[in-house]
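Two complexes follow with chain A in common, the first pairing it with chain B and the second with chain C.
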Partner chain A sequence: MIRLALVSLSGYCSGCEVALADVISEVLPRIEIVYSTLIADIDKLPSNIDLSLVSGAVRTKHDIEVLREARNKSKLLVALGSCASFGGIPGLANVYVVAELLREIYGTYPREVPKLTRAAAPVSEYVQVDYRLPGCPPPYKLLIELLVCVDEKKPLPKPPSRTVCDECSLKKRDVYEENVYRLGERDDVDFSRCFLEQGILCMGIATASGCEAQCPSRGVPCRGCRGPPAKIVDQGERLLSSIASVFSKIDEEELVRKIPDPLGYFYRFTLPSSTIPYTPEILKRMEKDEGSD
Partner chain B sequence: MKPKILVLTCTYCSYAGADMAGVSKIQYPPSAYIVRLICSGREEALFALEALREGFDGVLFTGCHIPYDCHFISGNFKARARVALLKKLLSQLGIEDSRVRLEWISASEGDKFAKVVFEFTRELEEMGSLPKFRKISELGVEEHD
Partner chain C sequence: MPRVGVYVCHCGKNIAGVLDVKRIVREVAKEEDVVVCKDYPFMCSSEGQRLIAEDIRRHNLDRIVVAACSPRTHEPIFQEALKRAGLSPFFLEMANIRDQCSWVHEHEKELATDKAIRLVKAAVAKARLLEEIRVEKISVKQSVLVIGGGVAGITAALDVAKAGFKVYLVEKNSSIGGHMAQLDKTFPTLDCSICILGPLMVEVATHPNITLLTYSEVIEVEGYVGNFKVKILKKARKVDETKCTGCLLCMEKCPTRVPSEFDRGLGERKSIYVPFPQAVPRVPVIDTEHCLYFTKGVCRLCEKICPVKAINYEQEDEIIEIEVGAIIVATGYEEYDPRKVPEYGYGMFTEVITGLQLERLASSFGPTRGKILVPGKNKEPQRVAILACTGSRDEKNLPYCCRVGCMNALKHAWYIKHSIPGATIYVIAPDVRSFGKGYEEFYRRIRSEGVILIKGRASEVHRSPEGCLGVYVYDPSLDEVLVLKVDLVVLEMGLVPNPASEKIRDVLKLSKSTDGFFLEVHPKLRPVETSIEGVFICGCAQSPKDIPDTVAQASSAAMKAVELLAKGYVESVPYVVSVDEETCSGCGICVSVCEFNAIEIVEKNDRRVAKVNTALCKGCGSCAAACPSGAIEQAHFTREQVLAMIKALAR
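Right after this comes the complex of A and B.
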């Protein structure tokens, strides 16, 4: 029996908890949920937790405190989902300074919002993480595998070193279209053929395997939610460099017109754990604040 | 302020061009830190991003002239596409996209190499340096009230 805590940080959408609900019938005999702000009415973290599943990105002062407490009280701490592993979608807010961000969302300057950290961060930025299970949401097979391993006290599964393309069943001919298209822009998309070869941006080439290429095999290009494969740090940069070389015959102005948002395409899930994880404006703003104190 | 420029060069054209600037004794600022790579197709966005994070002020991508000077046929096209997307990415991140620059320099253009380094150095001097990047956990919480 695993004493399981579901720690949901502020930057979360509860999709990871839904992923757990998906597999609950298979793992219920193995787990006892001792803490969760979402499904149980327990407001304090108990001690002696076997496994903490942390979801969501770290964005507030409260998050940092809860996270540190969870680390102290649990034997294993696992980052569940892309937000906890790499910063995820909430991490895209790192292109704004806090004041600008709040104004962008609320229009006015809100008083009720908790104090935000200057930039969103993955869990590993603050505490030691024993294992990362990325995915948006994490693939259910891997989630079961993880819980079984923890319950039977076996070593945790190895992080994948291969990419989505290795698992993808779409046919590849190694002939590339010399143009970039949006998915809706072409009527003649062949859904049994590789998307990238047809000029549709697919992020499978630098995304860790493990999801069995669910999206491409159902007619949707990969968005890169599983993050980089082992040994690669900056998924977005890998995608940028390789997709640029795939479509290098296109004129540069045309390429930037066709891929107008490289940050959103390539760093959709991994900005806070990339090489340049936030805008330097945040640092300038911080120096100004420190100067005025 | 003395700018630091990472200059990525390819073996067959632009490194030879930089060499030509040297053997012709053309003076240029000591701001250029030249790295020789096999081809401009090896010049990846990661090098520029890491250089900017680690305190370089600008990155100069160089290669053989477009279209067909490249020793490996299409490396210069790859560099061109990467720099185009990288510039867009940097401007989205709030970093001046002119910190990254792409120039075609052939083996005989030592004078062009020196001129480009001169110009780029002056531009970066005007722009000033980027703040020193820190870990996100060191940034702390913004007091907003």
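Right after this comes the complex of A and C.
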């Protein structure tokens, strides 16, 4: 029986908890939820936690406190989902300074929000993380595998070094179109063939395997939610390099026009853990210069 | 623990004039693992190299960082220095603090020094992680392929053959000779062109080391420096080369008439023909598009008349496969299309011709037997305008100089003056660039012979009411627009790469510069080498040039090929890539970016994985940069090494 804490940080959407609800019938005999503000209404962290599943990005000063407490009271701490693992979607806000961000969201209305950190960050920026299970939401098979391993005290599974392409069933011809399209822009898409070869941006090439290529096999290009494979640090940089290399024959300006939001495409889930200067360490320095909100 | 020696070069004032070299040395000396850190005025001098070698022995150094100029030019020099001291050449790392720092930041000395310190520290970070690389010796095939049978190809082929190596000379037309064979005379000496080229053409045909393949095209090249496998398409002549004696009776009897390509459309040829009397080989070819037998199934006169039964209508295209160690590309040029400069009325008025057409009119074996007659009028022109720089040095057309137009214009003025002494000749040129040996003298000679030179560009050519042509030109010395009434207009067209060179470019995967000509490795120091090792370029395929320059460059290309063959072996490329099959997910990005077809996707244990042919890999790094899963690593540029550099830079 795992004494399980579900630590939901503020930058979360509860998708990961829903994923857990998906598998709960299979793992219920193995777990006892000792802390959750979302599905169990226990708002005090007990001691002696076997496993803390942390979801959401770190975004407020309160998050940091809860996170540190959870770490101190847990044997194992796992980052669940892309936000906790890499910073996730909330991480895209890191291109704004906090004052700008608040003004954008709340305008001049009076507001009562907890004090924001300078940047959204993955859990690993503040505490030691024993394992990352990324995905938006995390694939349920991997979630079960993880819980079984913890319960049976087996070593945790190895993070994948292969990419989504390895599991993808779409046919490849190893020939690339000399143009880039947005999905919906062309009506002759062959849904049995590799998207990227048809000029439709698919992030599977630089995204860790484990999801069984669920999106591409259902007619949607990969968005990259599983983050980079084990050998890669910066998923967005890899995507950018690969796509720029493959479509090098397209006129540069045309290519830029076809990809209106490169940050959103290539760093959708991983901006705060990338090498470009939005990492908390560098932002902390900027914070001093700007003054906090 | 690695022991790193760092050497900062002053490069005279190039580096030390901007950067505070002493400060760089002080800062870098503090880095972990740096045992020695020194500066020296010229690291690449023999004394500078000796300094490195000495320190390697004295301080037991095992990694060397040279902070100086570009590794592209100087890495081999310092690698040799390491070798001499008994250290692997791959334990060298260069930091380019000249081209990438002092040269570009000369006004911000303080900041530039900061940057240089970071660059050197990054190089140290990488140097610590450098690994030994094994290179292999690969033997070189003792033969050379020369593509193009103009004066460049002929010269290169003869030079290589005379050095004792086998040569395959491939020419797409039925005879060698190229454009030089079309010229009447050459400037500035006014040598008869075919008289000096003809003997060389015969020498090519008879030299025991040369296999001449005319009416043939290179269609496929595989392999790498020293070991190219080449497929050549030998088009069917329909005439048996082994039987034909070159009597040309067939040509005499053939009843058809076709515009002659060799005479630039001004004369006619038969359907079975040699393009010109001095053709080599002197074996005719049947133009199946116009031959009565091939178009209508009748005639067969040539077959009946041939005394040696050399005509063979059933002859088919043949594919010849050869192996060579080096390739020389001499595909030459073509005149820029005069119709693209429509204001001069080429194609509209028969009296407007190009420079090469005038050559054919002036040639003793041309359509008029050397009499200069206005096409379509059949009489000698009394007034002639020669328009230099047509299409050249013109942003709307070709931005570059053709390097022969000025001298051709002067030479053509001489042709006309010489054969029609009373003629009035205008040469209209923006500038007359007579830069070569004896050229300025030739220019003065032409001026003294009464040719009228007008500085400027003609704006238009019109049909004038009198029936002749009117050339409009603004003369700055008179500050007036002149209308020159002339009988003949000669356009000195700019030069463009031979259209057939595009196919060769595809086959060999050569790069071209913005003007479309083949790109050399370095415009000054390596003018005949290309980015594909073992492939050399010369003549107008590289850039427009005159005959002396072409011949010199062809000999230079031949020398480079001979150098390669005589050495007998090449070393394998050290910085090749390798694939981690466990990580590779078979996405195929690498296959699509490899310019050298060195990667393919193979099935292994039911998985798609990339496989690299290291013999073909040139170490360009494109695939390693593009590989999205990190499965591809390039030696000397591993992910670990590059990340260490980035970290050092960002510190």
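Following the convention adopted for this analysis, the second predicted complex is superposed on the first by the 274 of 293 C-alpha atoms of A that agree within 3 Å, B and C clash if a C-alpha of one lies under 4 Å from a C-alpha of the other, contacts with A are read in each partner's own complex, and residues count from 1 in each chain.
Definition applied: a residue touches a chain if its C-beta (ideal position, glycine included) is under 8 Å from a C-beta of that chain, and two chains touch if they have at least 3 such contacts.
Remember, predicted model here, so these are calculated numbers, not experimental data.
J.: Which partner does A:Ser52 contact after superposing on A: first (chain B), second (chain C), both, neither?
T.: neither
J.: Could you tell me if A:Ile250 is touching chain B, chain C, both of them or neither one (first, second, both, neither)?
T.: Only chain B is touched by A:Ile250; chain C is not.
J.: Check the residue A:Arg111 against both partner chains and state whether it touches chain B (first), chain C (second), both, or neither.
T.: Touch status of A:Arg111: first partner only.
J.: May I ask you to decide whether A:Ser82 touches chain B, chain C, both, or neither, giving the answer as first, second, both or neither?
T.: Once the two structures are laid over each other on A, A:Ser82 reaches no partner at all.
J.: Between chain B and chain C, point out the one touching more chain A residues.
T.: Ranking chain B and chain C by residues of chain A touched puts B first.
J.: After lining up the shared chain so the two structures overlap, which partner does A:Lys231 touch, if you call chain B first and chain C second: first, second, both or neither?
T.: second
J.: Is A:Ala206 touching the first partner chain B, the second partner chain C, both, or neither of them?
T.: In the superposed model, A:Ala206 contacts chain C only, not chain B.
J.: Quick check on the superposed pair: does A:Ser74 touch chain B, chain C, both, or neither? Answer first, second, both or neither.
T.: Neither partner.
J.: Identify the partner contact of A:Thr275: answer first if only chain B is touched, second if only chain C is, both if each is, neither if none is.
T.: both
J.: Check the residue A:Ser241 against both partner chains and state whether it touches chain B (first), chain C (second), both, or neither.
T.: both
J.: On chain A, which stretch or stretches are contacted by chain B in one complex as well as by chain C in the other?
T.: Touching chain B and chain C on chain A: residues 238, 241, 245, 248, 275.
J.: Under the stated contact criterion, what part of chain A meets chain B in this complex?
T.: 60-61, 95, 97-99, 102, 109, 111, 115-121, 125-126, 234, 237-238, 240-241, 243-245, 247-250, 252-253, 255-256, 259-263, 266, 272, 274-287, 289
J.: For chain A, which residues are in contact with chain C within the complex?
T.: The touching residues are 161-166, 172, 174-176, 196, 204-206, 209, 229-233, 238-239, 241-242, 245-246, 248, 275.
J.: Across the complex, what residues on chain C touch chain A?
T.: 580, 582-589, 591-593, 601, 607-608, 622, 625-631, 639, 643, 646
J.: Quick check: in the complex, which residue numbers of chain B touch chain A?
T.: Residues in contact with chain A: 41, 44-46, 49-50, 52-53, 74, 77-78, 80-89, 92-95, 130-137, 139-145.
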